Amino acid sequence: MTRVVEKQTLFRWLLVALLSLLAVGLGYAVLSLPTQTPGLSDFVTENIETSGARNPVTAVLLNFRGYDTLLEMGVLLLALLGVWSLSSAPEQSEASPGPVLDMLSRLLVPLLILVAGYLLWVGARAPGGAFQAGAVLGAAGVLLLLVGWRPGARFSGLPLRITLVMGLGAFVAVGLVLILVGRRLLEYPPPFAAALILLIEAAATLSIGITLAALFLGGRPEERPQR
Amino acid sequence: MNTTLSLFLLLSVPGVPLLLALPALHSRLSWPCHLAILPAVILLLTPAVFSIEVPWLLFGTGLGVGGASRLLLAMSVVLWAAVATLLRLPTSRSADNRLATFFLLTMAGNLGTIIATGLVGFFAFSTLMGYGFYGLLVTTGNAGARRAGRAYLGLLILADLALFEVLLITAATTGDLGFEAVHHAMAQSSSLGLYLSMVVFAFAAKAGVWPLHFWLPLAFRSARPTVALLLGGVPVAMALFGMVRWLPLGEITSPKLGLIIQSIGVAAMLYAILTGLIRAQLKLLPAYAAIITTGLFVTALGAGLADPAAWAEYKSLAHFYIVSLGFGLAVLAATIGWLQARREYPATPAMQTDDSIPWFERWPGTVVRWGAKIGLDILPGLRSSWLAKVGCLRQICARQRTLDNIERSLQRWTFASTLLLLLAMVSVFLAAC
Amino acid sequence: MSHVFLYALVGVGLFTLGLYTLIVCAHLLRKILAINVMGSGVFLLLVALGGRTPGAIPDPVPHAMVITGIVVAVSATALALALMLRVRAETGRPRLPEERLK
Amino acid sequence: MVNTPWGVMAILLPLVGALVCFLWPRRSVLLGLVTAIGVVTCVAGLGWQVVVLGAQRYAVGGWGAPLGIDLYADGLSLLMLMVTAGVGLGISVYSTGYFERKPSALFWPLWLFLWAALNALFLSADIFNLYVTLELLGLAAVALVALAGGADALTSAMRYLLVSLLGSLFYLLGVALLYHSFGSVDIAILAQRMEPSPPVWAAVGLMSAGLLLKTALFPLHFWLPPAHASAPAPVSALLSALVVKASFYILLRLWLEVFPLGSAALGQLLGLLGAAAVLWGGIQALRQTRLKLLIAYSTVAQLGYFFLAFPLGTATAWKGTLYLLLSHALAKAAMFMAAGNIMRFGGHDRIADLDRVAHRLPLTVTAFALAGISIIGLPPSGGFIGKWLLLDASLRAGQWWWVVILILGGLLAAAYVFKVIGYAFTQAGVLHETRTVPIIMEWVALALALGAILLGLFAPWPLALMEIGLPFGRESAG
Amino acid sequence: MNWDAGLPLLILSSSLLPGLVIFFLPEERVATRTTLNLGGALLKLVLVGVMVWGVFHGHHYETRLPLLPGLDLVLRADAEAVLFVTLSSVLWLVTTIYAIGYLEGSPHRSRFFGFFSLCVTATIGVALAGNLITFLLFYELLTLATYPLIVHRGTEVARQAGRTYLTYTIAGGALLLVGTVWIYSLAGSLEFTHRGFVAELVDTHRAALIVIFVLLIAGLGVKAALVPLHGWLPQAMVAPAPVSALLHAVAVVKAGAFGIVRVVDDVFGVEVAANLGVTGPLAAVAAVTIIYGSLRALFQDDLKRRLAFSTISQVSYIILGIAIVGPAATIGGLVHLVHQGVMKITLFFCAGNLAETLGIHKISEMNGVGRRMPWTMAAFTIGALGMIGVPPLAGFISKWYLGLGALAAGQGWVVFVLAGSSLLNAGYFLPILYAAWFKAPPDAWPAERTWGRRETFWLLLAPPVVTALLTLAAGLLASAPFSPLQWARFITAQEYMP
């Protein structure tokens, strides 16, 4: 037994040494980067007018590199699919959440929804946007779930699924429509860019929020048996 | 005579017996053996001297009859006809008709050998004759005949091998393998000595010349009388005939070899006389007679080799000698057989009980024992190698465990991710190089 | 040394720390957390180095990348946690079978 | 037709399919099959485009690199897409049979997501976008492994997920360093601006290590056999056939275009690891008693071959590698499917007891044998062509030791393949508790295996495709 | 594609397509299967006949399909190819007939005949291969197609034998592959040509060429059962008799020997090989194999095992003939390719008949069997005597030319090897003949089956009789036009053309 422990201590020291070496190496690499570089900010500034969003981050996220975001919506949905494929949702716990949480949730949930709406709206100009809004919305959902609220069986079927795929669906739909009208994938016509981005963001916010909440639930909600 | 007809006739001399050798054929005919001799008889009766070339047979074979071979052919025909009559072959399908097959095969070989005008043809037909005669000997006889047959077969194979070498040497020297051409070519060839000694050895083995005679007494003693009738006329006579045909007699002078051959001949005669006297057995008489006569022939041959001029003188006698030898031995064997059939003489009383295996019979057993001995010698080695194998197995087990352990430790997270780390660093280092 | 590089170095530090924990700790929850810490380190580095622009506005592209990265990390963490729970439910232990020593 | 962005469609279509299947799980088999056929059509369209017009670049959003993201299709990506389409179609059809009894509503969306991720990965020309596709791929794969349920599958999936995330993070850190060095994440632009510096070295090391981990190169293969062996058969097939190839593809792309400075020493290291993988995987495969584990270790060994081209670096060697990759994809998919059929039929995959099963499933065994021929590298098969090219390249480069590895690997492969096939001919008592195997499952396995064989007979076409866009440089194969 | 370019492919397909169809036939469709089998075999024979005629009249048959850039799949009917193709297709027909009789009523026949056809297809491919890669391709295909036949019986022993077979042949194939790639990387070509294609490399890459030669010969030597690579052959005896016949006479062993012929003659070229100094050792190996195989055969009691060792010995005659540089020896080697096939197939058919009819597997059980089965044993006798080299049978012709060639090349020792081998051949064949014809039969045979008045099923009887007659004819009519000997002369004349 002691030998095993000794071996482990040795191993750990070795590991620490290696990791320090890695850290030092990486640090050296980082420090040898040029101290000033424009990156892509100039390109972004040049093209931001036609992008449909004044906030550069939003412009990059939804326009310049919108394709990344599209795939990333896919990742989120995929995670949910993965979680759902593992198990169905755990049984509702009988324990009462307690008065404080109960009270808090009643106060906070509407507020959070409001904040989410604001973040979504402001994202076009200032920091904010679909993901932030979606996260806040998700937090509201989590809070609701914490206090023991569960979606009704009627909602947990197709309607829930539609909400979940709405974000990605909107993104893909816009992309496809643009292709159909002869443009490239996600090549928004400048006059409609802002509107399209808002549309996608709105759908994405809703989807992200619900997805996060559903992830928190940790399983597939029971569906009402259909016939 | 027109060519087609002669071709047909000459081919049918060995061909008809060969065809009839098929059991399906000869079992349906009433006198198959006599029928098979017919072409030869016709050939004998045709007065012309003629020969043909059959280019598509083997490497091109020549067939023909001349003065000497006609004589031999006549002897053979008479002998075969006599034996065919005496043998009383069973003709019905159900009976064992292998005897007829062998009979016909041997006959085909014999007749073919006589009419062959080239080395290859002679060789091929004499081999056929040899194997056929072996069958004839063995199929009818008792255990002793079988032993004799085996000894004969062994010598036959050795002789054929030697003849094969001779053929190869000849073919390498000259393109034409007709007897005349070969004689001329070999007389000038550098490998003449090898040629001569091989030929002499081969035919001596086939003829049972002393000291390769040992199967002859056995054969005469145990073969069926009818087969014994053939012993002199078929293997012995044909082998002597082969010597005459193959050796470039009269064209070369080889005193040394001649002397050796002569002395062998003399020794053979002495031996036969002495042994014949000691083993005064009626049935063995033809055997010793054969040894003596072949000895005499060989002596003459040796003299001919030593002095071509001498050979030229009694060259024509040689064929007569062979023929008379064949007939003489046949008559002798027939007489003895007849005497024995009348039970005036006991069938080889003393010697026959002595069934100890002669030395020349023991070699397969010796080889087997030898092999076993070697096996025993190897066996400790085998055992040790087997032990080593077991050890190996153990080692393999150990190796298997090692493999398992390595794989298991590779599958541990800590290990694996450390390796990853190392790999990343080494890559950085190497990329920097 | 500007604060940009300081943050970046902190990012490197987080990355190595996370890696250490990932390797050493057997408990799956810790491993998942360690992955998250590593991710944070990478994101920190990505974002911090984006501040090397000549102007006042930092490079927005790394920001967008990080947001994307965070979403991916969240998704992966969610899946990992759910998996961990299932592993614990099936095997009774929240760890991988090959890690028995700790 | 010419202007239709077939490549983009090949990415979007499976995504849409996944969403639709998710929305209407009851129709998912039909929807999935329709999607699969659609994707194959798209890939065919792209292939036609690439063959006629040459390598294609597509700027998503119309911005173009470096601001936007480019998609790029040359011979290399086209072949990857094609083999994905082929195997993908096969897996789709196979799954209709496989999930017949135990329907899994989420299989189809997960699988289509994975397909989309693969297509996106093979088309991407942007290293950050590649990261996203890698994650999409990884999560989908993990979820699919976990579909099997049970302790083995779940722990394997967990391990797989952690490994996948770790690899991705290494990769992402490298991406970060590269971006901050050169201000772009586009492969073409990086290739132009590339010059050696410490951050680049670090990036090379980190990205390579991360990708190697995901490719399961020896000695980082520890996660692969359990994951591939415990997944449901179609999932095993697609993991071994396609998913591990994706990270290798990225490595190949980076090595060919971004890291041309990639030093000879690093190449030799990769070659050595590849050689070790070939031997180790082969030996381990030979020692397995379970069919699926044997096949999984065989994947470990086969992955090793792909790295033998790195020290050689000639066009012939790369083509050989790619050829091996293609034929391995088909053959390995066929093998896992065959194993799935056997498991379905007899309820187990113990090799020693296969004789009770094997001779009653002739089509399956044929499929396994044909796939095995390609895996061994016997002619005529795709594996043979690949090995031939690699052997030729090694001998021309004077590095004969890779020849030894290639041959030894082939012999090991022969040993483990025939270890299985031998049982197909022994007569054993009839096993009573068997379940019928849908005939379609047998035929799909056979079709894919035949594909691997046919690759060996029609080599000039794929080899000509590889020339499009000159992914392997200008040097022509001898 | 015109006729001249399509004929080789057509010949190949005439067994491939029936084979593929047969795989999918249900077990009970005996008539269809037999029709397909025989139809394919007959068609092939006719096509081959046309080809022989054509080649003799100067036609040039060549199919060329692209395989790799710079490398084609070439099927070409040159004289050597025609020799082997003719042998294979004639013997295939005979073996098919025999197999139909032999396997009547046994299970898995569709599988058997499917692989059987594939096996012959591969052999034809080996024969017609116009370059080394095509050869390699079919050579490996042959390995694969034969394996199921060897393990056909499905017993544990069969599986072991199959494993041994694969171990040897796949390793051999690997060596062959390495040699092929190597020579390709040096010479840049793999086309078989009469003078070889490596002549200009002799000065620059001497050592490499020697190594390549060793690799190629070792790879091919496995199938040709050169000592010490022969271990699989005696074990493969567990296979059914038609398969043994196929292995020993038509396909596998022959493919190896033929490959060696190709390598020496058409890859390296005789002069180059002699110049490299590799033919001498090759001849020595062949000689050792000849003697060793015969010695081992001497001590086998199992009939098929004895025949197997005999094959090991006999096939090396071919190699010996090639390794002795010179026209006559080459003729001997090539003609033995055919003669050995015809003789050995006879012997295996007979062995199969004995096993099927009387349950005899051992030589010690063969006493007096000639009386029970005279036709079979007559055929056996002709085959055995031919093997010994008794004139005027086929074996005599081969030995004749080998010996002549050896003398012409000044390698007299070969003659002694031949003599020793003949002696040993006699030593292990004659006791069998003696026992069969002259010993008394036992009261009961181990497992007797009867077929009315005939000694055995006529489908089993006809093939050995036919091949025995062929043995006789090949020797007797050696100088007739279109005989194997004449064809070998024709080939050699091309090879040694000034």
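Miscellaneous remarks
Letters A, B, C, D and E mark the chains as written, and numbering starts fresh at 1 in each.
Here, a contact is a pair of C-beta atoms (placed from the backbone, for glycine too) under 8 Å apart; a residue touches a chain by one contact, two chains touch by 3 or more.
On a predicted model such as this, the values are computed, not experimentally measured, just so you know.
The pair with more inter-chain C-beta contacts, choosing from B-D and B-C, is B-D.
Central chain assignment: E. Criterion: smallest distance from chain C-alpha mean to the mean of all protein C-alpha atoms.
Averaging Cα atoms per chain gives one point for each, and the point farthest from that of chain C is the centre of B.
Of all the chains, the one whose CA centre sits at the greatest distance from that of chain D is B. Between chain C and chain D the centroid-to-centroid distance comes to 28 Å (mean Cα coordinates, whole Å). If you average the CA atoms of chain C and of chain E, the two centres end up 68 Å from each other.
Chain A and chain E have Cα centroids lying 71 Å from one another.
The residues of chain D that reach two or more other chains are 128, 132, 135, 139, 142-143, 146, 154, 159, 162, 166, 173, 179-180, 198, 201-202, listed in rising order. Residue numbers of chain C whose C-beta contacts span two or more other chains: 15, 19, 22-24, 45, 49-50, 52, 61-62, 65, 68, 72, 75-76, 79, 83, 86, 96.
Among the residues of chain B, those touching two or more other chains are numbered 411-414, 417-418, 421, 424-425, 428. This structure has the following touching chain pairs: A-B, A-C, A-D, B-C, B-D, B-E, C-D, D-E.
On the chain B side of its complex with chain E, the touching residues are 23, 55-60, 96, 98, 120, 123-124, 127-128, 131, 135, 138-139, 146, 150, 153, 157-158, 160-161, 164-165, 167-169, 171-172, 364, 367-368, 371.
On the side of chain C, the complex with chain B involves touching residues 19, 22-24, 26, 96, 98-99. The residues of chain E lying in touch with chain B in their complex are 298-299, 370-371, 374, 385, 388-392, 396-397, 399-400, 403-404, 406-408, 415, 418-419, 422-423, 426-427, 430, 434, 437-438, 475-480.
By the touch criterion given at the top, residues 66-70, 111, 133, 136-137, 140-141, 143-144, 147-148, 151-152, 154-156, 158-159, 162-163, 166-167, 170-171, 173-175, 177-178, 181-182, 184-185, 188 of chain E touch chain D in their complex. Partner chain C is touched in their complex by these residues of chain D: 128, 131-132, 135, 138-139, 142-143, 146, 150-151, 154-155, 157-159, 161-162, 165-166, 169, 172-173, 176, 179-180.
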